[in-house]
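Dropping the structures in below, format is structure tokens.
There are two complexes below, and they share subunit A, which is joined by subunit B in the first and by subunit C in the second.
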Partner chain A sequence: MRKVKGFLLIGIIMSILFSSIIIAPALEMTAEEIINKRDDNEYIISIKAEAEMIIVSGGRKITKTMLILSDKRNALIEFTNPQDRGTKFLKRENDLWMFFPDAEEIIKISGHMLNQGMMGSDFSYQDIMESDKLTDLYDFKIIGEEEIDGHPCYVLEGVAREGVKVSYYRRVSWVDKERFIGLQEELYAQSGKLLKETKLNEAQEIEGRWIPVDSVMENKLRKDTYTGFKIVQIDFNPEIPEGTFTLQNLR
Partner chain B sequence: MKKYFSIAILFIIFFLLGSISISAKVDIGGELAASLIGIIDNQGNIFAYPQESLDLELFLPTLNNTQTKFEIYLFNNPMSGGFDYLIKKLYLKHRFEKLHLTLGRQPISWSFGSMLNPVDFTLGSVIMDEETGSKYQNAIEAYYPINWNSSITAIAAFPNGFRNMKWGIRGRTMLEGYDLTLNYVREPEIDSMGTIIPANQRIGFTAKGDLGPLGVYGALGYYFKDNGDGDLAYLIGGDYSYFFEAGNKIYFQLEYLSMKKDNLSSILGPFFTGNLTNNLKENVGLILGMANYEIDEFSQINLMVISSLNDGSIIVMPGYRNQLSNNLSFNLSTAIYFGKEDTLFAPNVSEGAQQKPKGMIGIGLTYSF
Partner chain C sequence: MFSIKLGLKNLTRQKRRNSITILVIAFAFFIYLFLDSVMGGMEQLSFNNIINFETGNIQVAYPQYWEEREELPLENLIYLNQDIEESIKNIDGLLATSPELRFIANLNNGIDEIAVIGLGILPEKYNEVYTTQQYLVAGSIFSPGESKAVIGKGLAELMDLKIGDYITLLIRTKEETFNTIDLEIGGLVNTPHPMINNGIVFVPLDIAQQALNVENGVSMITIRTNKEKEITPIIDDINQNFQKKNINIKAYSWRESAETVIAYSAAQDAETAVVLTVILVIGMIGIINNVILSALERTREIGMMKALGMREWEIVLVFMIEACGVGIIGGLAGCLLGAAGVGWMVKYGYDLSYIGGDMSLYGIPILDKIYGVWNLSSFIFIFFFGIIIALFSSIAPAYWAAHKDPVKALYHR
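Let's turn to the complex of A and B:
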């Protein structure tokens, strides 16, 4: 379920997370150039990852673990924690399928369910399914420069392009000037209401990329609740066998 | 005969286990549940008894495209007073290049997202099946994938021994965003204490997709009869989610089932259809609704209602679930029966019909490991 970057799980997180890594900071960059570089980094051909999702509400916390396999358009997630073990999700283009391990049946998820939190988290199914490049979905502009935890950042505002279906009408992103990684992002509804906020806790340089390995998404509509997402292990461009993203592979 | 079948599968699994490398990961998981069940009978008496169960599953690594599964369900049987067990899964699945073959005791479910399914391989309400085990059968399944979302499945099952084979075939595909299935099932002729119940067969069609913001689905079934006439059954349903300002959501599901009353007990089970022969019309209409409200990330309440439109009888089933920690959850479920005498879901029944209480309540904990 969650994916690293725009494909899985964390559509959003990933957006930020995967945002990436550029080697040298540019001097005078336009918003489009910044996001393009971020997109370039986020647009990983395929990944294989192990991840943890930590759901916190009030004083309680539960952890879900999962395996993630994804390419540009498709994703397969399998939960491995005891309570959800064997539950799988297949995202194929704009359709989502779920495998129930007890009865070993595959059910197509209704479209409206895509806005629901996945497995009780603050990440929705739709978050996972937004795998398009950000520049294909939003028009960005630079609205300022700020520092976050000592890192100078570009602050960019993205507004959904007309006719494009997105989960969040507007997003404000803080992009690290040095590493070109998203450090923080705010996601807004068309009404202007702040829906969610993501923050990067830790990034690691893996295979030459700065990868966000620990981040948090907070549902701003609820009090005292957030979902953490940690990447335990990740492989870029693994060999994905043909037939991986199929219903028969869910069984 | 069934015992020999299981023993043979078990033997093969042990053989495969012996060939697994020591370093290969073998794991055990499952679920331990303990609850207290309370029943209010028609005289107002309350009976309560504890119920415990243990679901154990062996997780074995796949070996040369062969997957083995073993899952057993242990439970205390209130009828016998002792512990009993149900083997849920004991099978081998081999993935050939163009065919997946599964041999052994396995779940066979042709669910498509509805709460009632008049065209499943084994009929029975999805929501009321619980641990009756009706979905788990000794069978051979051949699954032939055509492309990523299309397939043909053929099943030969032996619910009552090898002499009585039940078989079925199901095709599945996707068209314009709709998940479509077409299936056929032939049940064997059954000799029930000298009475021959003729073989029956049925054909079914299901569809599930989206209509704007609504999830919609439907099923159409035709039950063949010996005299050439057949019975038609159909189901239509939909689901919808609504988000409150505070971020909480409520999920609705509503469906309507129409079918001949003779076929109803196979859908709902004998417990819910003890009064079938009395006042019901030939054609029965059932409406089933469900609402699920997510209080927070860990807890939710739900309400399910099923009603017979013919006689107005109704079952109301409120529930509550709370995820207490990573592996521990608390569950509360209730059922209350309303209806005039001799109606479908009424708590009071005619002489000779199966007794149904006025209400039931279950409260318990479930631990996953």
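Let's turn to the complex of A and C:
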């Protein structure tokens, strides 16, 4: 059964940064089995989280704080830092809307706008829209084993399946052999150029799951820029009031 | 006859007052003619810029693409084949055709990134339809297959780029997968069209097609004709040819891509109507004031003329002739002043750098200079309009003067 990852920025982090893989200790497992196991591990019904996004560009550092609510298919992000207070993003299935309190207007983000960085960060809007199961989009294979910061890792390579619509043509993931979380991931264009690189700074075991709580994404096409993402607090399966993921609630 | 002679003579009796009224009318007419010329010039320049840099005279595309063309989709592209080429080729009045692939891209200079429109072109064909190459200020246009780009001077300054620098275009393929095109800046253009200067990256068509995974697909084919004023029959011919071959592609006039500018032009007409109303009010007030003052000054004269047997309509005619004279002289002076102003605008124009130099902020595709245009019909219209207004404005106060009781008028103090 096709599973959809359940939440927005956390989803991004898990699918982009840690998309990686729960690998069974036995090397006999195929890449497909490993990915499926990873998907099983990442499948979260709903979350409520407080997070921070630290955008560093050309020596300038901006910190944005946010509240994230997410269920299987939808997500709502509300920025809470003084500069952006009241700015909200709503993801419903494959659509994304934004509400700016100053303009008092709801804008649908589509077309070329999806390529732009979310709130000036290195995460594009398209990145946060990716919610399909990775094994449906990529053919994965194990290409080696390496060590990152003293953690032994499996290195997996995913190449986009022919005919599918996918943002990154190729992705290479480093997965911790012991904790089964992604420690690093590289995202490539079809031309072979490295576009983005994500690295894990810290992971915590919460309610029996290893959750990445501090990670960094770098846009490799630009110099001196990266975006950090920290989870301050996270609750699994919170009670989400009806009507949370509606356009009326976005205002 | 006597009334006409007296009316004309009265023109010279109150020289100062009549002169002021004439000046007011002349100034109002000058403003109208000048504004009309500048507006006409802006419209003409905008349309020329759209045709010469953006659309050609005619664009050919699939209707589904045309509906969504603002989004620059990679769906519903034209895949060139013999049937399509033949449908366009043998059209009377056709000068040149240029296939184009338009796509969304992010231009990256290694430090910053900016959203731009990528335009895949065949340089030789593109140059036959558009005049962009005449505005090349550095470097040269690329050849097919060369990994080079041509960008506008404004974009180059914004992204701190010069000839020989390398850029990366971040694009999304037809399958929405990210891809990159590495290009060397081969040429810089500085055109009068702000969009070309600030937001377009020209790349070889084959390079763009390959990177976007669209085989030999193009967004549209643009056409230059030698019958710019009569493109509708050409569009009909092209559409008929496509229909005969059962191809669902259609030809569209450049006007359909210039809706914003045409809407602005309509707004400009409304603006001109407002100016005309103001002029009408100014003229009417001037003439009414003039006739009332004349009647008051000449009350005893009116009484005497009526006592001598002059009829009311003859007295009304005296005042109407005088008002008409003021209208004619004011109109002539206004037209002369207008001709001087319009002549100056046509010859020297107005440099937009004085006010920031980019009308695109207001939705008008003009950069650089605005020139005026001669519009003879405006001169004729405003001249006769002035006379008619003068005549009609004088009737009521003239009748008021002519209707006076001759005895009371004779003893008027």
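Just so it is clear, the second predicted complex is superposed on the first by the 228 of 251 C-alpha atoms of A that agree within 3 Å, B and C clash if a C-alpha of one lies under 4 Å from a C-alpha of the other, contacts with A are read in each partner's own complex, and residues count from 1 in each chain.
We adopt the following convention: a residue touches a chain if its C-beta (ideal position, glycine included) is under 8 Å from a C-beta of that chain, and two chains touch if they have at least 3 such contacts.
Everything numeric here is computed off the predicted structure, so don't read it as measured data.
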Overlay on subunit A: subunit C relative to subunit B, clash or fit: clash
Partner chain(s) touched by A:Ile55 [first = subunit B, second = subunit C, both, neither]: first
Partner chain in contact with A:Thr246 - subunit B first, subunit C second, else both or neither: first
Partner chain in contact with A:Ala189 - subunit B first, subunit C second, else both or neither: second
Contacts of A:Ala160 with subunit B and subunit C, given as first, second, both or neither: second
Partner chain in contact with A:Leu221 - subunit B first, subunit C second, else both or neither: both
Subunit B versus subunit C as contact partner of A:Arg85, first or second or both or neither: first
Subunit B versus subunit C as contact partner of A:Thr63, first or second or both or neither: first
Partner chain in contact with A:Phe99 - subunit B first, subunit C second, else both or neither: neither
First, second, both or neither for A:Trp210, with subunit B first and subunit C second: neither
Of subunit B and subunit C, the chain that contacts the larger number of subunit A residues: B
Clash-bearing segment of subunit C, relative to subunit B, as chosen among 79-87, 187-195, 259-267 or 331-339: 259-267
Interface residues of subunit A shared between complexes with subunit B and subunit C: 58, 110-112, 115-116, 221-222
Residue ranges of subunit A in contact with subunit B within the complex: 55, 57-58, 60, 62-63, 81-83, 85, 92, 95, 102-105, 107-108, 110-113, 115-117, 120-121, 219, 221-222, 225, 243, 245-248, 251
Parts of subunit A lying in touch with subunit C, wherever the complex brings them together: 58, 110-112, 115-116, 160, 163-169, 189-191, 193, 195, 221-224
Residues of subunit B defined as touching subunit A within the complex: 29, 59, 100, 106-107, 109-113, 135, 143, 145, 147-149, 151, 172, 174, 177, 179, 208-210, 213-215, 239-241, 243, 245-249, 251, 296-298, 323-327, 329, 368-369
Subunit C residues within the subunit A interface of the complex: 71-72, 104, 106, 108, 110-113, 115, 168, 170, 172-173, 175-182, 211, 213
